[in-house]
Amino acid sequence: MGMAITSAQNKAAVDAAVAAVMDRFGGTGIEATSVEHSTGKHASFLRIISPPRQWLGLAKFLRFDLGVNHCSMVTGTHFPDGAEERGWEVAYHFMRMPVKNQASGACVEHDAATLTGLEIPLEVEIFIPLAKGDSPVVDSIQSIWVGADWNEKETWDLVGIEFKGHKDMMRVLNPHDSPLGFHPLQKQHKLRYHDYNEMYDDAQGFERKPTDSGLVK
Amino acid sequence: MGPQHPMTHGLWTLRVKVDGETVVDTEPELGYIHRGVEKICESRDFTQIVPYCDRLCYASAMTWAHSYCYAVEDLLEVDVPERAEYVRLIAVEMQRIASHLMWLGAYTPDVGNLTVFVWCLRDREMFLDLMQELGGSRMHYNFPRPGGIKRDIPPGFANRARAKIALFLERMKEYEMLLDESTIFLVRTQGVGYAKAEEMVNAGVTGPNVRAAGVNYDVRWAHPYSVYDEVDWTSSVEKPSSVKGADCYDRYRVRMTEMEESCRMIIDALDKIPGGSDTTYQSGDEKIIAKVPSRAPEGATGHHHFEDSRGESMFYLQGGGEGRGKYPYRVSIRSPMFITIPFVAETMIGYKIADIPAIMGSFDPCIGETDR
Amino acid sequence: MMEGGENYTVFNSRTLVDMVGDVTDEALKATKLKQLIGTLGGRFFNWAQRKSLFPLHLGIKCCALEMAAAGGPRFDAERFGVIFRSSPRQCDVMLVNGPISKKFADPIVRLWEQMPEPKWCIAMGECAISGGPYFQSYNILEGVDTVIPVDVYIPGCPPRPEALIDGFGKLREKIIRIGAVPSQERPNDAPIIIGED
Amino acid sequence: MGDWLRINDWVHEGSLFLSEKMMNLTPWPGESEYIGFFIEKSILCGLIFGGIMNTILVILWMERKILGRLMDRRGAITSLRSLWVGESGVTAGPWWQKVPYGLGRPIGALVGFLNKVAGNRDEKHPTVDRVNNRSWHGVWFLFPGFFQNLADGMKFMTKEHMVPRKADKWIYEIAPFLIISSTVVILGFIPLSENFYAINPKMSVLFMMAVFGVAPLGVFFAGWSSNNKYTLLGGIRSAAQLTAYEIPMLIAVLGVCIISGSFNLVEVIEFQHQSGSWNLFLLPLGAMIFLIAMVAEVERIPFDMPEAEAELVEGWWTEYGGMRWGLMFAAEYMRTYAACFLFAHFFLGGWHAPFAGVIGSIPWFGTAYLLIPGIIWTMLKAWAIFVIFAWLRAALPRIRTDQILEFGWRHLLPLSILQLVVAVLLRLYVFDSANMRDTARGGFAWDGGFGLFLIVPIIVTFVFSVLFVIYSIDEEPGDVGRPFHAQTLEPAGTHKAGE
């Protein structure tokens, strides 16, 4: 009981992070705000909107100065109907964990209420809007967070966002022999039988051939 | 190894290069049950997505559905009634026990003992029965709803849960007798599969696997979301045995203690639940489910970090899809095992072939969520 | 010498064996002994086959856990001779318990071809029957019967372990009805669906 | 002290009589001895193999039931009942009408009769019948679960025979037969009773141990010829493991032979009886080593690394299906069974009833007790050993290959030499050959010269038990360091000598 981060700690950490980011990157197009979750404990998190040019510098700042050591997720989104400068968007989610390498037979015995400064867990959300086009490119952060490696692979595989500087990019979820440029989560790909009539008139599939007939036995 | 191989706990391939019996290089290969859930969810409304989230991970359906529900509540700006939060906590912790039991059951055949596997299945049935009372189904409960829960806890549930947990805690001693006191089990798991805390965190490994290395980090207290700050529990952290990090035995111990903590949490939550654990509200009562708008405005986003039984799961939703916002525009799922599997594959290098299942199993892979 | 299937020609004894076999066969046919032995032994072998159905230990998705639970104490499929083996060479039944993705279509056909005749296939769960909740997906086949012939369908998402055991019961009924014939010679008209009768 | 069930003598006399009668009709009456020998051996082999093969069903059944019970399950409950009641009400119809010459009519009548006695009871309650069809309710004499293995074996016969395309066909085909034939040969040398054995050469122990070592060759052949990485690894592991455990096992057996003064199995057993004490109490360490090594030799848990299911699918028999696999499966259990027999013979006094002297002196009961044929005692002892095997399988996880080998070479081998020394000392300085007796009670050769009956076995067993207890008490959990780190950063073969 009582072993959770209080909202005061949370607010303090996020405010300090916002101040640090704005202090370092103010005026470069990077916007850092403190946002509240709209449910539950209404905890705050740090949201940064960054142009792609500044991304690598921001990432290094987060990793080495703010101690954000855990890359949670990379999400790419396709906005074919969006604004010109936001045809694609990459959303990153990071976490800060109070981690040290442990000596033998020891562990971090801390009380959550006593954590201060950079030890307080922090949630970071970063949006990077990319311009419209066929080949969206963003810098890879594979070398900063190892955990971003497979996340980026997946984002490229499903959404088709290229990560500049990523070594060993390959398909992870789709078959290796998928056609070049096939990224199923792009919006021009419809769900296979999305049409209502097609779905229900011939629900058993007696007349319809799967789109992949001939590809498999 | 794979895709059909008893080691893999699902369908995936691990290409292993060996020199004699020593593993020299590994390369995981996923995607054998990639189902495109993220794409399908873009044409489902917010309630229809819950069953898909159930089916993400076959060993812990409840946690994934809850993970989604918290994210969609963040998107739709809903506050959940407190009683519903308590029931959710009970359901999630029971699912965590069942999932860890399934892990233990799958892990012990990896090191060669079939008895514990069968016993774990036996005890898992108790918790499946309890969850079946909540959701109505054995595995995919479809229990939480955006804004609350589908049904309240049924009459007599609390007493049955208490009795079964008391029995289960007795049975856990049997497991510990059979495993912790067996020298063979110890030599198979101790000193095998070291993973360092800092490397794991950097590589994105979360949950029990990283807590086994002595890192006291748990989303449940670091980013408190449900009523976890009100019930009585402590994060189960194992002291690693070596500077090299946590070995398989540590990961086994951390899950065992986590099951005990979950039992404690459930009992405590049953005592503290507002309205009392003996009352049952009708489905749709505002005490257990809040009013939820069915559309999300364009541009709204919601995400939620959630402590799944395998690590930190997360949903990231963008509102404003088709049907004027009735569907989400983009659903993105963070699977803990997707990030963990490449790390585990590297961990194995240098060990013997016989250690591959021991190491792989100790990280608790679940391919359903990995491939999505 | 080792190529093709012509290994027996080394001693040129194949023809001899064939000839002796043919003569014996004719003699047996003439005395109807073959029919006698075939009918009598056939029933016993039929019994043996239907009482010992080894499914392949192949866990694809959710139903794999119900498959495991069916082997556990409460349901205990081993009572009925259902024992899970890991190698396809030693199995009689392929229990397909999940969606078949495009990537997995090839391996599962290979697994099916590695199993010796007579063999059966049980499609367990909606995903294996028709694609289930993922039938719209870009990566999922519409049921396993698009790649391998299915004998018994068990609906449910996932079916309970009792349903799985009942599925094996239905498979036994099928075996007693049409005999333990290889999968190519089996009448393809009426797959069994649990819950129909 | 003799056994009234003198099967060897009966068969010998009977076949001699038969051959004399037969040969007197031919122009070579003097050859009847050889013909008689041939007939005798054929009958005996048939009896021995038939007996052992049939009782293997008991072994398999016991394992399933014991494992099932330990795992809170029932185990197999298949019974022959479904032969006549069909499956869930579905039958094959009056199939006996297809049998030519009307020979099927008695079968039809039999089926009808069985259906009346032990068939579906009530057509109005199909669910009850369906549940009953799975099992034996009310019909105890159908031995539920016993025929599961019969069904398995018959099924293997009908399975398709497949040879992998890349396999080395000849060796692939030969390997299972190598394994099973060498196993069957062992069974021929096992006496089931004082007067019931197929053959009893003077050096039977040596020969048996030699034949036991042939099967690993077949295993290695099978693993290599399948041309599969799992089977190859399994075969290599098997070869390494069997070599490592053969030596301690042989030395343990050597201890037994030294203390008994014979390489003949029958004489080893008779010695145990006549000297008054089973070898188990004289050489407890040897018995333990022999048991452990035997578990490893027959590749059962915890030493089933060659067929480790978790990493090597099914080990060296992954590529075998159908009857070839059935043969290897049977050979596995035959070896296990042979191991049980050997343990019973070497250490548990073979066919001699336990406490024959004490119980035999009870007036009426004792007489009846001594009349129990030795073959029953042999079987019971072997089955009791098999219970230990099954128990181990349920209780223990699997050991890693390097740990298996290390345990074999570094622990079992020195211990086996130690027990060899103990055996030599006992035989040379303690044994009193003058006190051997061939009575129901046995002799008292182990009185240590003090006239105290069985003083030596008691002391040895007590000392061993104390040492074992001391050894097996765990130290404080906090004090024990973890085992050494097993990670090899340099791959094998890259080490240089002297580093």
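Couple of notes before you dig in:
Each chain carries a letter (A, B, C and D) given by its place in the written order, and its residues are counted from 1.
Going forward, a contact is a pair of C-beta atoms (placed from the backbone, for glycine too) under 8 Å apart; a residue touches a chain by one contact, two chains touch by 3 or more.
Please read these numbers as outputs of a predicted model, since none were measured by experiment.
Centroid distances built from C-alpha atoms place D farthest away from chain B. Across C-D and A-B, the chain pair carrying more C-beta contacts is A-B. Chain C and chain D have Cα centroids separated by 33 Å. Between the CA-based centres of chain A and chain B the separation comes to 21 Å, rounded to the whole angstrom. Per-chain Cα centroids separate chain B from chain C by 34 Å.
Chain A and chain C, compared by their mean Cα positions, are separated by 45 Å. Listed for chain B are residues 5-6, 31, 34, 36, 39-40, 43, 118-119, 122, 241-242, 371, each touching two or more other chains. Contacts with at least two other chains are made by residues 72-73, 86, 101, 103, 136-139 of chain C. Shared interface positions of chain A, i.e. residues touching 2 or more other chains, are given as 174-175, 184, 189, 191, 194. Chain pairs that touch, as defined above: A-B, A-C, B-C, B-D, C-D. On the chain B side of its complex with chain C, the touching residues are 3-6, 9-11, 31-37, 39-40, 43, 51-52, 55, 58-59, 102, 105, 118-119, 121-122, 124-125, 138-140, 367-368, 371.
Those residues of chain D lying in contact with chain C across their complex are 64, 68, 71-78, 82-83, 86-88, 90-92, 95-96, 98-101, 103-104, 107, 130, 134-135, 147-148, 150-155, 157-162, 168-170, 309, 313-314, 317-322, 325.
Chain A contributes residues 174-175, 184, 189, 191-194, 199, 204-205, 210, 212, 215-217 to its touches with chain C in the complex. Within the complex, the chain C residues that touch chain A are 101-103, 105-106, 109, 130, 135-139, 141-142, 146-147. Taken together, the chain D residues at the contact with chain B in this complex read 67, 70-73, 233, 301-302, 304-305, 308-313, 394-403, 474, 482-489, 491-493.
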